[in-house]
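Right after this note come the structures.
What follows is chain A paired twice: with chain B in the first complex and chain C in the second.
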Partner chain A sequence: MPELIINGKTESFDPLPESVLALMKAIGLDPDATLAEVDGEIVSRAAATMRKLEPGNKIELVRFVGGG
Partner chain B sequence: MLVNEKETPWREQLTLADLAREIKPDAEIAVLNGFPLLPEDWDKTPVGCEDTVTLLRQGEGPTAEDFRFLLEERHTPEVARPLAQAVVGIAGCGGLGSHAAYALARAGVGRLIVADLDVIEPSNLNRQAYRLCQIACPKAESLASDLAAVNPAVRVDYHCLRLTGENIPVIFADCDIVLECFDKPDQKRMLVETVLRELPRATVIAASGLAGTGDGNAIVARKIRDRFFLVGDGESAASSPRGLLAPRVMVAAGQQALLALRIILDEVKNA
Partner chain C sequence: MTQSLIIAGREFRSRLFIGTGKFSSPEIMRRAIDASGTEMVTVALRRVDISNPQDNMLAPIDRAHVQLLPNTSGARDADEAVRVARLARAASGVDWIKLEVTPDPHYLLPDPVETLKAAEILVKEGFIVLPYINADPVLAKRLQDVGTATVMPLGSPIGSNQGIRTRANLEIIIAQATVPVVIDAGLGLPSHASEAMEMGADAVLVNTAIAVAADPEQMAAAFRLGVEAGRLAYESGPGAVRKTAEASSPLTGFLG
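== the complex of A and B ==
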């Protein structure tokens, strides 16, 4: 099964989510409130649909909650 | 002998009255080694060569130059000078931003750039560093004048507007560090994303998870990646009935401000 490394942990997907946005939705994160980095590069909210994923991508996802 | 924070020559039989006459004739209160004394006691109060004396007038603060000197004495030049040269942006002047800005101004950060669209509302006063008399005033402008009132040497630029992906790179262009102090999670993500992508010289310190009355020790500061730090417990969202309360918001704001100082002083590596 194809794998992604998400926040340091290896996780299997079948099928692999096709984009950063699809990944966030698949694991239940709000794309508007989640910062994504793929292989060291920040993926903007606007680019999250276009940024395609490949097996082995290192992904950091930082979820923000409200309050300030 | 230290008088008004400055080493001053001492002589035998010196009294507080002599010192006031020679150094600050319009003084109204003298503080001798921590004890306040009124003028009627000054004639009979001797001053020793190891004593610390402060001569004051009510409500009269130091000049900007005197304040810089005072900070160098208190903090040492190794700490005070890098802080005085630093520029820190505050994105959002609510609970996090107002308290973090006070901490940075008091610590002697030389220039602060504060921005917020909101005006002060009664519901803000449970956690934000404003007063009743400021209701309906713009937060950024009020904060700027309050900071100048505690540190005459700080330069504060304020912007009463909504921060966007377009104006953030312009408004915070000079910043070494930007503190993310918004309330809404999508705005937090937008600010961090914009600083990391558009301001390659700046470090961003964001906050997430600081609502309620949970353990204050759960509010931690951690490095996510180069130029990006996150403060908070990561979980406690503001929602009814678990709202934002001043003590926990202040812990998070304090962590943000402290981390900013530590990065400026090279105690924490940001890259």
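== the complex of A and C ==
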């Protein structure tokens, strides 16, 4: 099964989500509140549909939380 | 009515900035923000827990009236801080960043060398940089020289509620500053915020003291009053401190 490394953990997907946006939706994340970095490169919100994923991509998914 | 505060061309009527950490619910946070009258709130960037996606914490914040100030909390060196700042900019769409580099988890004191290094990079990349620093007048000057929008020296360690323990150095920082000085961290009571404003600080940043109060909304209102009172007093020109008494009543014309 194709795998992605998300926030340091290996996760399996079948099928692999096509894009960053599809990945966020597959996990149940609010795309307006989430930002992705793929293999060290920031994927802007506008580019989230376009950025295709491949097995083995290292993905960071971040969001804002309360902080001082 | 006190003077407005201008940071990087943006006018702030309120001199109380609020951190959004530690609130028990988004609704309590929203009510505290409203009660405080603040026009700038800090937020942090963290990894999503993909097994437990949560609501958008920015939703309760009225961004038309409140400037979002993402922070780089968690960064232990300049490289991490720059990375977080870039992510925060992409995630928020704002160039404002509270730069904090705190390698020591016990006291959370900011690393001056890494903070200066990160500030130089971020200013060049067009960020509006508000650095959290120890109350170090030399560092404050170096940071304003590289183009930070403010300096934000601590009153005492983050979340400690100890109030202003760095007064002598804060006075030097305020005297030397060409950018606004925001006293950040350690303010536990409205009287501490008032003291900071009476000293001539341009603003204060408060989180823990409001968020962990039994009634955060009411404490936010209390801090609002404390900040306003302190600023009004500062702009009113306080009288000199004397070692001896000076009678308030006339010393002449008393009954023979």
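Details
Quick note on the criterion: the second predicted complex is superposed on the first by the 64 of 68 C-alpha atoms of A that agree within 3 Å, B and C clash if a C-alpha of one lies under 4 Å from a C-alpha of the other, contacts with A are read in each partner's own complex, and residues count from 1 in each chain.
In this text, a residue touches a chain if its C-beta (ideal position, glycine included) is under 8 Å from a C-beta of that chain, and two chains touch if they have at least 3 such contacts.
Note that the coordinates shown come from a computational prediction; the quantities given were computed from them, not determined experimentally.
In the superposed model, A:G66 lies in contact with both chain B and chain C.
Of the two partner chains placed around the shared chain by superposition, chain C is the only one that A:E11 touches, whereas chain B remains out of contact. Of the two partner chains placed by the overlay, only chain C lies in contact with A:I27; chain B stays clear of it. Once the two complexes are laid over each other on the shared chain, residue contacts for A:S44 go to chain B and to chain C alike. When the two structures are aligned on the shared chain, A:L35 is found in touch with chain B and with chain C.
Counting residues of chain A touched by each partner, chain B versus chain C, the larger count belongs to C. On chain A, the patch touched by chain B and the patch touched by chain C overlap at residues 30, 32-35, 37, 42, 44-45, 60, 62-68. Those residues of chain A that touch chain B in the shared complex are 30, 32-35, 37, 40, 42, 44-45, 60, 62-68. Against chain C, in their complex, chain A makes its touches with residues 6-7, 11, 27-30, 32-35, 37, 42, 44-45, 60-68.
Across the interface of their complex, chain A is touched by residues 19-23, 29, 42-48, 50, 53-59, 70-71, 73, 86-88, 90-92, 158-159, 185, 205, 207-208, 211 of chain C.
The part of chain B that touches chain A in the complex is made up of residues 92, 94-97, 181-186, 188-190, 192-193, 196-197, 206-211, 224-225, 230, 232, 234-239, 244, 249.
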